[in-house]
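The two complexes that follow have subunit A in common; it is paired with subunit B in the first and with subunit C in the second.
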Partner chain A sequence: MLHQLKQAFTNPKFLVGFVLFMLMLLISLIYPLLSAFEPLDMVTTGFTAPGTYVSIADVANSDGIGMNVDASAGRLASVLKDEDREKMKDWMVRFGGVAEGDIDLSDTEALLEKWQATYDPAVPQKGLRNADKQAFVRLDKDIKAATNSDGLILAAKGEDGLEEVKTIAGNTYVRTGDVVSKIVMPLGADNFGADVMTKLTSSIAVSLRIGLLAGVIATLIGLTIGLLSGFLGGWVDNFLTFLTNIFTVIPSFVILILIANAISGTARSPMLVGLIIGLTAWPWTARSVRSQVLSLRNRDHVSLSKLSGHSLPRIILQDILPYVASYVVMALILQISSGILAEAQLSMLGLGPDTTTTVTLGIMMNWAQKFSAVLGGAWWAFVPVVISVAIITFSLNLMNTGLDQVFNPQLRD
Partner chain B sequence: MARELGKSVLRGENITKVFGYGKTRTEAVKQVNFDFHEGEVISIVGESGSGKTTIARMILGLITITDGTLYFNGQPRDISSGHKRKEYWKNIQAVFQDPFSSFNMFNKIDDLLIDCINMTGGRHKSQEEKFEMMTEACSFVNLKYAELTNKYPFELSGGQMQRLMIARIFLLKPKILIADEPTSMVDACSRATILDMLLKLRDEIDMTIIFITHDIGLAYYVSDSVYIMEHGAFVEAGPAEDVIIHPKAAYTKRLISDVPKIYGEWDLSTVG
Partner chain C sequence: MKNSDEVMVLKGFIKYYGKRIIWYVITLVVAVFLNFLLPRLMPGDPVKALAIQATQGVTDPSVQQKMIEQYTREFGLDKSMPEQLVIYVGKLFQGDLGVSLGQYPRTVADILGSSVGWSLALQIPALFVGWILGNGLGAVAAYLRKGMDTVVLPIFMFISNIPAFGLAFILIYLFNVKWGIAPSGGGYAFNLIPAFTPEFIGSVLQHYQMPFWTMVLIAIGGQAIGMRSMSIYELNADYVKYSRFLGIKDGKIITYVFRNAMLPQITGLAMSFGTSIGGNLVAEMVYSYPGIGSTMFKAISTRDYPLLSGCTLMITIMVLIANLVVEVLYGVIDPRVKAAQMESE
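== the complex of A and B ==
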């Protein structure tokens, strides 16, 4: 056993799979502890892009440091897009009487100078819709705000109108660390305004638990049925094989949907969903364990064990089980992986665990789909989830392939 | 080799074994009769597929007998309950053909031997007594227990494993031993050693040995009586000298002529 364990950890496929899996497990355990929010906390409203958010009021109230860098250039660059420059040129040529050849779009300073000299909203702009006229007014306002190096005046409501609190110079900066109120959302927020990173990591933990429970249950049932049916033979074998065949023939996902649907949404806890998945996933394990046991039961060491007067449970546990153990471990890993996928599928259909108390990978995808995250461009609401599911199942399958190579030396490349 | 025959320990009447049903129905053993005596060495000789091992497994109680009665010590054998089976197996044991598959690879050698001591009522013996018994059993088969303790079966050679199987029989001291081709998987040197050990053990505890073999030379070398088996039935039976020196059945003659001879040409004329 120890020898095989050593071999497993020197097998590159198993090792990569193991490291990937452990990484996901660690993230799922540690991040929710560090995060400032609960997975279901509504931090913002609706989809919010990933990033660090700082309080504007806090920034305005902090004592800034004057820097010898004019912030207006950067602001201007973010205001003046290429299409805005095209629009400005168009306006100046049509209504400002500037010759087209005089305008150089790449020279920002010259362009602005000409714009400020010629633009006047009062000029009759024939052929422009009202909406377009307003767009130019807004653009002009933005440009003025961006180029304003005099600073802003901060005012508060007083008894007789506004009272000036302070003036913020255009070149004042504040250290991000000094801003007290900050919200870090590395993966943004989903449709409920919940932090996706916190939600994702805690749903990985829940999904892993569901997969583990489903895998253990499926493997235990499959192992028991396979061992008994293979070892006892006779009518027990006939009955159990019949049962296994029935479950194999009926698509287990259909049974899964029917059972899940029969239980009310709020009663479905993650563990119940794991149980349901486990109860429908065992037939393949049972079949393959049975065929392995069939070839083992007539081996001489089993006959000798019988002749030594050992009881049936002891023969099964000591003389049969160790020989199929390696196979069962591999089956367990695959069952965990397919358990996680089955949960995701169920939750995608809205038949997963109760959505008001828990969150799983499948539920996150379900919400992202229901709130049109794909159409709305909120990639952060579903891409990280999909990648997580892929990495987890990939790592488990990789571990399985690695173990296969350890136990079946013929497969080694 | 002529020995006085003791009383009958195992007698089979019309023993039949049928596998499968319908189109796949195969009659592996067809109404065979036999009578084995105390302290006798019997060989059942036949080619592969003739039903030798099926008879052995039926006698051992590992598979059911389809039809016929097996008498053990004059009484019809009864292994209907777990307790009765256990009692029966105290009297009848086996050494199998392949030493490599006879051991559970996950258990240490000590476990195997201690099991035997426990089975014969030595459960309450002290550690020292058990240790002494195991040492004695191992030295009987020319093995040193001190070198084997805490080892796993796969660390031994095939010959050592098969000798350990005989040490197991030495501890169990059964009335009947079924040796299912015990020497076919070991080299010629080990083969003679193993046969000698089995015969020595027979002399020591007056055990009946049933050799299952395809090697008629070996049968002649070790046995008192020989049963020749073809297609699930005995074609000839009797004292070893009679059957092998003066064979009557055509099949026996063929078997004897098939034995490779170091000097002289092979007689292939009888090969059917």
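== the complex of A and C ==
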């Protein structure tokens, strides 16, 4: 077994799969420990884009350093999108009396100069809806704010109304490291305002546990049925094969839904879901173990053990199991991967684990669907989850293919 | 002489497939039984829960009591289990799957009838196209190796590991939200009424693209990897070496290899239908495509048991039929299976 293990690690596919899987596992174990939040903490309200958030009050209160860089250009660029420039041009031509040829959209400075000279919200703007008029007022305000180099005056509420605290010049900067209150959300926040990175890593851990439990249970049941059916033969084999065949044809997805639906939502713990998945996923394993055992049953060493009067458990444990061990490991790996997918499917349908206490990858996707993260453009709430599921199942499948090549020399290239 | 041989073969065929069909019928019976039993194993009183839900806000306990009684009668839950089973099966034979609770007073059969066509029209073509593209890719990868093996195949392998509904999320985000070139979901535009007009058919085709390609993309990887190893196995077979030795052209050899490697892939077709149907149905739901997936989701979220059990039964029957069709197809194509069938007589 040790030798086979060493051999597996020389297989590039297995190695890549193993490294990917271990990476996911490590992230899922370490990040929740380092994170400042619990997975279900509501850090903000609603979808929040990824990034580092610094406290505005902190920044305003800190002592800045004057830099000889004009910050207005960058600010302007973020205010003046191409469509805004078009709109400005449109307004100036229609209501400001500027000739169309005089306006060059790419020359920001000249455009702004003209705009500031001509724009007047009091001009009668025939043919514009009120909302459009307001949009121009807002745009003008944004432009004024962005081009303002006089700085801001900071005031606080005092006894006689507002009292000036300090003036911040337009070219004042503060080192990000000096801002004390910072929230780092590498993957933003989801609809509940929970940090997606923390939630994602802890769900990976839960999903892996569900997959592992489902895989172990399915493999144990499949192994037992396969061993008994293949080794004993006769009516036991007939019956078990019949059962296995029936459950390979009836989609396990259907049975899974029926069982999960029969258990009330709050009673479905992640481990119970894993158990249900395991109980429905065994037929493929049983089938392949049986065919392996059939080819072993009449080997000489097995016959010898039988003649020596060894007991059935002993023959199975000593003479059969070691030979099917590699297949069982491979089946287990596949079962873990399909267990994780099955959980995700169930959760998408609203039949996954109870959502008040834990999060799984499937539940995260279910929420992304329910709160229309996709149509709302909140990609950070679902893309990382989908990619994580894909990486985990991909790594497991790679490990399986790699092992297959190690154990079946015929498949080697 | 030849004629009587043919009759013998035909008899063998009928006998073999007769046995197989009986086996499928038994499987169906088991499926129906599970469909009946599993929802009824539920702890607690489902009827009471339903009635309480239905009468939320009603303070008069006698109304609630009446609702419970009505539901109990409607589901026949006042009878013993075996009696219920007999009634259930009897109704099933008449095509009566009960009345939907969530979309009362539509019958389950009516709802399923309008959604099953949509699902079949989506899933079966997607399965076939994915299968053909996947096998093509696998065969090419086996023959060319190098670039295909190290770049193209792993990419499709990775894609095939994305759950169908996850890929649906990403495609909707890219094609609808970001680029605005595809509808976000549904079977056809909201303002249309189903009819055989060019406008409606165009809208259906437009809405069909994304769910269809989602399922195709996911199917390719798995098929390709199977076909690749089968083809490599065949390429190393003695008959290939011998043909090369005889100087038969590469193109001709490849057709032999392809044909032989293809056979096991046909079983893969039925298998992939059974294993991918779950993910694909959930993808249908993400696209709010009017198929069984969306219907099932509605049934689950409105706690509509009759509809849910109708959906699961329908899905099982679809998978059973797919398996049977592939089995027959396989027997027709592969002479070795024909021989095995004869032997079993």
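Worth pointing out:
Operating definition for what follows: the second predicted complex is superposed on the first by the 411 of 413 C-alpha atoms of A that agree within 3 Å, B and C clash if a C-alpha of one lies under 4 Å from a C-alpha of the other, contacts with A are read in each partner's own complex, and residues count from 1 in each chain.
The working rule: contacts are C-beta pairs under 8 Å (C-beta built on N, C-alpha and C of every residue); 3 or more make two chains touch, one makes a residue touch a chain.
Please read these numbers as outputs of a predicted model, since none were measured by experiment.
Because the two structures share subunit A, they can be overlaid on it, and in that overlay subunit B and subunit C fit beside each other without clashing. Within the superposed three-chain model, A:L317 lies out of touch with both subunit B and subunit C [touch as defined at top]. When the two structures are aligned on the shared chain, A:L105 is found in touch with neither subunit B nor subunit C.
Angle at subunit A (Cα centre) between the Cα centres of subunit B and subunit C in the superposed arrangement: 60°, in steps of 10.
Look at A:R299: by the touch rule set out above, it reaches subunit B but stays clear of subunit C. Residue contacts after overlaying the shared chain place A:M67 against neither subunit B nor subunit C.
In the superposition on chain A, A:V137 makes contact with neither subunit B nor subunit C.
Of the two partner chains placed around the shared chain by superposition, subunit B is the only one that A:S308 touches, whereas subunit C remains out of contact. Counted by residues of subunit A touched, the larger count belongs to C, out of subunit B and subunit C. Taken over all C-alpha pairs, subunit B and subunit C come no nearer than 8 Å in the superposed arrangement.
Looking at the complex, you find that subunit C touches subunit A at residues 23-24, 26-27, 30-31, 34-35, 38-39, 41-44, 157-158, 161-163, 165-167, 169-170, 172-173, 176-178, 184, 225, 229, 232-233, 274-275, 277-279, 281-282, 285-286, 296-297, 300-301, 308-309, 312, 315-316, 319-320, 323.
Residue ranges on subunit B touching subunit A, taken from their complex, read 57, 60, 62, 82, 85-86, 89-90, 92-94, 96-98, 101-107, 115-116, 119. Within the complex, the subunit A residues that touch subunit B are 299-301, 303-311, 318-319, 322-323. Interface residues of subunit A, counted against subunit C in their complex, comprise 245-246, 248-251, 253-255, 257-259, 261-264, 341-342, 344-345, 348-351, 365, 368-369, 374-375, 377, 379, 382-383, 385-386, 389-390, 393-394, 397-398, 401, 410-411, 413.
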